[in-house]
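Below you'll find the structures, each written out as structure tokens.
Shared between the two complexes below is subunit A, which pairs with subunit B and subunit C, respectively.
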Partner chain A sequence: MTAAALARSFAVGGAARPLASAVLGIAVALGTAALLVLLSGRNPVVAYLALLGGAVGTPDRVAVALNKATPYLLTGAGVALCFRARIVNIGAEGQIALGGLAATWLALRLPQAPAVVLPVLCALAGAGAGAVWGGLAALVRLKRRVHEVLVTLLLNFVGVLIVGEVLHGELGEPGAGFPQSPLLPAAGWLPRLVRGTDLHVGILVAVAAVVACHLVLWRTPFGFRLRVLGASEGAARYAGIGAARATLSVMMLAGALAGVAGAIEVLGVHYRLIEGFSQGFGFAAVSIALIGGLSPLGVLPAGLFFGFLESGALAMQRAVGVPTPLVSVIQGLTMIFVLAAMALSAARARV
Partner chain B sequence: MSVETALVELLAAAVRIATPLFFAALGGILSERAGVFAVGLEGMMLAGAFGGVLAGHLAGSAAAGLAASVAAGVLLALLVAVATVRFGADQMVTGLAVNILAVGLTSFLLRGFAARGEAATLRVPVLAAWPVPGLAEVPVLGVVLFRQPPLTYAAVVFGVLIAVFLARTRAGLTLRAVGENPAAAFAVGVEPARVRLAAVLACGALAGLGGAVLSLQQVGTFTDAMTNGRGYIALAAIIVGRWLPGGTLLGCLLFGAADALQLRVQSLRLPVSSYVIQMTPYVVALVVLAGLGRSARLPAALGTPFRRE
Partner chain C sequence: MLAMRGIVKSYGAVRANRGIDLDVPAGAIVGLLGENGSGKTTLMNVLYGLVRPDAGSATFRGRPLPLGSPRAALAAGIGMIHQHFMLVPAMSVTENVMLGWRAAGSWLRAAAIAERIVQASRAYGLELDPGAVVGMLPLGLQQRVEILKAVLRGADLLILDEPTSSLSPPEVTALLAVLRRLRDEGRSVIFISHKLGEVLEVCDEVVVLRDGEVAGRRAVAGASREDLARLMVGRDLPPPVERASRAPGAEILVVADLHACDAAGVERLRGVSFSVRAGEIFAIAGVDGNGQAELAEVVGGVAPPTRGSVFVDGAEIVGGVATRLAAGVAHVPADRASVGLVRDMTIADNVVLRDVDRPPFCRRGWLDRDAAREAARRGIEAFDIRAEGVDVPVRTLSGGNQQKVILARELGRGPRVLLAVQPTRGLDPGATRFVIDRVRALRDGGAAILYVSTELEEILGVADRLAVMHAGRLVGVMRPADADLTRLGLMMAGALEEPPDAAALYGVLA
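Entry: the complex of A and B
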């Protein structure tokens, strides 16, 4: 099955089925992960209780989880739209890297800018950098027909290395001993949403972006073109919808969202650019888009779930020593389950 | 060091670095010629690297390590095969899912048994070079080709075997038929699902060996996500080699040379930053793939699940 058939299976299946298969998939994955915990000589019930407490136990933990979910929502929504245009976009890692880089660069250039304006400008710079990187991948895909999985992956490596390069050069903090930029001016920091916690306004931006992507997909001509493309390339061609333009636009849009996510990570979490801060987001975005049923609104629960899972897993590791990579195990297993369920329902729909 | 010895050293390093890529790429060729995208190569390699070090460490023998590498690669491949061949799941995304799973599983198992969840240190002796008597003394070629560790020779042997298998045997023809036109193959009595299952499992075994090259032959330990994109570079090498073992070998050597060059240039302390130099292999891969562009022809049924109607 191709990404096209993947998109089609959702057009056919409606909204209930992806939700059911995602929930069932997560249940199966959590069960399998519990077996792993048991195998490592720990009590899975104790471990999962520690995870739950770490995820939602206190307002502080909820704040951490929502901050973690923020980049997942932004990148997941963009990647979900890409799936609609038959594009498997794993480029979020590089786009976040460059988005964060652009935001850092601008914040360090404009230390005198007022507090409300600077974060907005930095986020726009991040969006621009991400869009350029996503657009570059789309162009190589379209003009040279190199598969987007390879293009976006290779560009991830390059993007991350560009961040390393500038952190050892003009943006690096002298004498820090670690590849990072100096602390950004406080005017650029994202305001806190809840006093006394780490929760910043990024989550509002992310939720707004998810809703906007939903509206784009279902209420605009561009979204209509994406949906026709996803349903049938033949129909799209018949309707005069150019796959190339839609591909370029959707990749740039997803890149811009990832770039904003990068800016938010820098301005809201780290307050500086740090080497490796974007690691793993490319794959995470794909899994969240998939588990969210390739629909922007579905990304909302999927992204939040993994945000809470990750924050809970950190607490679980501290409390009972169960290592955090368990999150990736759960993520990978859920994906495989959802993919199999989607293929089954698509096959049934055909018969 | 003279320019000549530096060049010879560079080529020898290129061959060493190309070895794990070539193992994985050979597996990928079998899988993709049978019609199943091999995006899971990265995860299968990682599983192989981990299984090899774990078993090598526990059993204290390289043979046990190799066997476990193969087993770990096959196990992950089985998951791919069941999802894509049995259920018809999307091959690309299933591959990505398996890669995420492999990163999580290996990192978890590396830590899971320590009291505080810290990463265990598994060490195994690296496989030493086997100079081929006589040939190793040949100037230039001796150093480049005949003073390599054992798995490098094994990769060449597998390459020849698979080339012959695909081009000259009935089973190889069947495999290619399933990748080009599964319905026609089915019509003459071949069961495409069975052929694809076998191809994907063989892919897992070879990719597992590729992982073993990394952990048992090159490093002697396992670190998180140590494949670092090599499975994807192997996919690129397959495209460069147009799904043929010979051409794919050249692709692997090209990427191996780019990596070897990058490592050597870094040690020269040129005025260029090491980060820019580290980009070389990825930029080379992008440029080569873009240069090939439209000429690459995929196996016709690659990515399409086969269903009996």
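Entry: the complex of A and C
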């Protein structure tokens, strides 16, 4: 089942059906992964308890999980909007990279800027860079008629390589021995949300963005146009909806959200630009948007789930010796089973 | 050949079939008549195995037929030709025939199959080229590919669901001839239709369904149109309201030398000029595919013209759909399922589909969903739409009710101009009458109406002035009173051209 076909199945707003499918899919995924743990000769119950402890055991772990969920929520919400309009945008990875780059560049340029202003400016710079990258993909799609899957996918590599190139040159930290930028001025760091933990304000930005995307999709004429465009091209034309304008807008919007996610990673987690700092967030965002039923509000539990899963992974490895990549397996299985459950329930609803 | 007994099927509270008996003798064409929602499609889906009935049984050729399994139906020799064809447009006729056909063997023997296609095509007068790409064929020929598929797979009973709804008159004639040949060979046909004329012409026997029950059976030999129509709707249809002709009003819609190409770059409109006056229905007759659809799209702003202009109330309208809406042009498109409506969106969403940018549905940048629901509620009331509330997806509505949703939206705006393209296609007589009455009421209120249809009877009934379109041009303009069927038929077939003078085009017929 293609993403476009999925977009079709979710053109109706109902939330209960995707939710039930998601819960079922997660349960089956955890069950299947438990079999793998069992096969490797370890006790899955112990492993999952360690995972749970690692995810929510202490405030520190929760803080890590929420920090990890932040880029997922931001990019997932944007990707969900694109998919709703039946635009298969898998370019978030490159947009994150360039968002981080723009934020870093600005922060290093303005070392004297005051503490509250600088993060805001840097986040805006990240949003701008992401929007440009998303808009560029949309333009190639519209003007040259290259399918957006190809354009967005390939621009990811370009974006990531630009970051590497810059870190090996102009923005690189002299003598670091690793492609990374110098430490950013402390004024640019994101404020902590809870004293004594790593939790930064990014999660608030992410949740606000998710809610904003929900409102945009369901409560504005722009969102209405996206939904019509995704449901029926013929009807969109008849309704006078300009596909080009809507495509450009939603790609730029999704790009801006991914760019902010990149900026937040830099300003809130690493305090510097590091090569490969986006560890596949942009691709995970596609899974999260799909698991979330292509609804921004659905992205919220899906993104948090991925965040907590990753936060727990290290603890599981330490306690039981189950390697952390198992978490990637669980994420992959979750996507497969949730999508299968949704497709089944959509098929049943149609008959 | 086929005997169905006591078929019962309910969807929730809706009882679609309430104990239907149906008999189809061998070598007979049985018409299945009924309004939308009378249970025809459900009954046929039960027979073909797509829907499992709550109760009832069937025997086919003396043997019990398990209901609820398409495979069993196929194996028994039942073939169904759906309203929307199940063909792969990019593949050739031969490939489509082979597709999913076990008996064609594990190896693709295209030449052998092509030979069989040629033979069968000759035997039934299908005139199919096995090498032709299906997507390039006109709808009438695509339908024949479906028929051929069923026949080659050994179907002794063919079910045709509304087979003529998208065909032009000559294609219909050809289809009916094919069906007669199949019957003469001993096969049986179930012919689902709304069109009394066709049913009387081709069927041997008619079964009329109403509200999920058999309302009556008639041998065609002794049946009359009036009788069948009464059985279908359960009442006498009132005769259409006629009105005295009156002086033409002011010119509202003026179209000047319009040219347009389709997506493939083929010129479909080749210089069309006319005007429609206030309080006038200007109807355009013609065989499907002669530029009527393009005309409505260009006037409606959906597609750009390559040359020419459109004026409303004397002002030229340049631009897309938004400018037409602003000028008061309403548009009921030909394809209501995929253009006029978004099937998966709610009634409320569809009622505001073309107006979400404007108050009252948009206030300070936000959608006012209560306003949309309120408008939908008014539409449901005013247009007698049968629906469980305003928040159900329109795909759950019957065809007639879907069309009413479009009318509620387009007429709800109080338009100056209405473009109505095939607004009654696929509707039952009750819904057809309803649609036409609404269009007439709008005309009587002073709007200018451009009415496109391929049904001559409908054109003659509704038009104040009519034109025939052929190959992208108007080849004749006349008043319905002066029209005779031979002349119109010749014009539609492109065999007669009476270049209209300015007076006829601009609405001052003597």
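The criterion applied here is as follows: the second predicted complex is superposed on the first by the 338 of 351 C-alpha atoms of A that agree within 3 Å, B and C clash if a C-alpha of one lies under 4 Å from a C-alpha of the other, contacts with A are read in each partner's own complex, and residues count from 1 in each chain.
Note that in this section contacts are C-beta pairs under 8 Å (C-beta built on N, C-alpha and C of every residue); 3 or more make two chains touch, one makes a residue touch a chain.
Computed from a prediction, not measured in an experiment: that's the story for all the values here.
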Have a look at subunit B and subunit C on subunit A after the superposition and call it: clash or fit. clash
If we overlay the two complexes on their shared chain A, which of subunit B and subunit C does A:234 touch? Say first, second, both or neither. second
According to the contact criterion defined above, which of subunit B and subunit C contacts more residues of subunit A? B
With both complexes superposed on chain A, which partner does A:321 reach: first (subunit B), second (subunit C), both or neither? first
With the two structures laid over each other on chain A, which partner does A:221 touch: subunit B (first), subunit C (second), both, or neither? second
Could you tell me if A:273 is touching subunit B, subunit C, both of them or neither one (first, second, both, neither)? neither
Mind checking 22-30, 58-66, 94-102 or 292-300? I need the stretch of subunit C that runs into subunit B in the superposition. 94-102
Enumerate the residues of subunit A that count as touching subunit B in its complex and touching subunit C in the other. none
So, in the complex, the side of subunit A touching subunit C is made of residues 8, 11-12, 218-221, 223-225, 227-228, 231-232, 234-235, 237-240, 242
Tell me, which parts of subunit B touch subunit A in their complex? 39, 79, 82-83, 87-94, 96-108, 111-117, 224, 229, 232, 235-236, 239, 273-276, 278-279, 282-283, 285-286, 289-294, 296, 303-305, 307
Residues of subunit C touching subunit A in the complex: 300-302, 320-322, 325, 331, 333, 335, 338-345, 349, 353-354, 356-357, 362, 365-367, 369, 393
Contact footprint of subunit B on subunit A as seen in their complex: 1-3, 5-6, 36-37, 39-41, 88, 90, 140, 143-146, 149-151, 153-155, 157-158, 161-162, 164-165, 168-169, 283, 286-287, 290, 317, 321-333, 335-336, 339-340, 342-344, 346-347
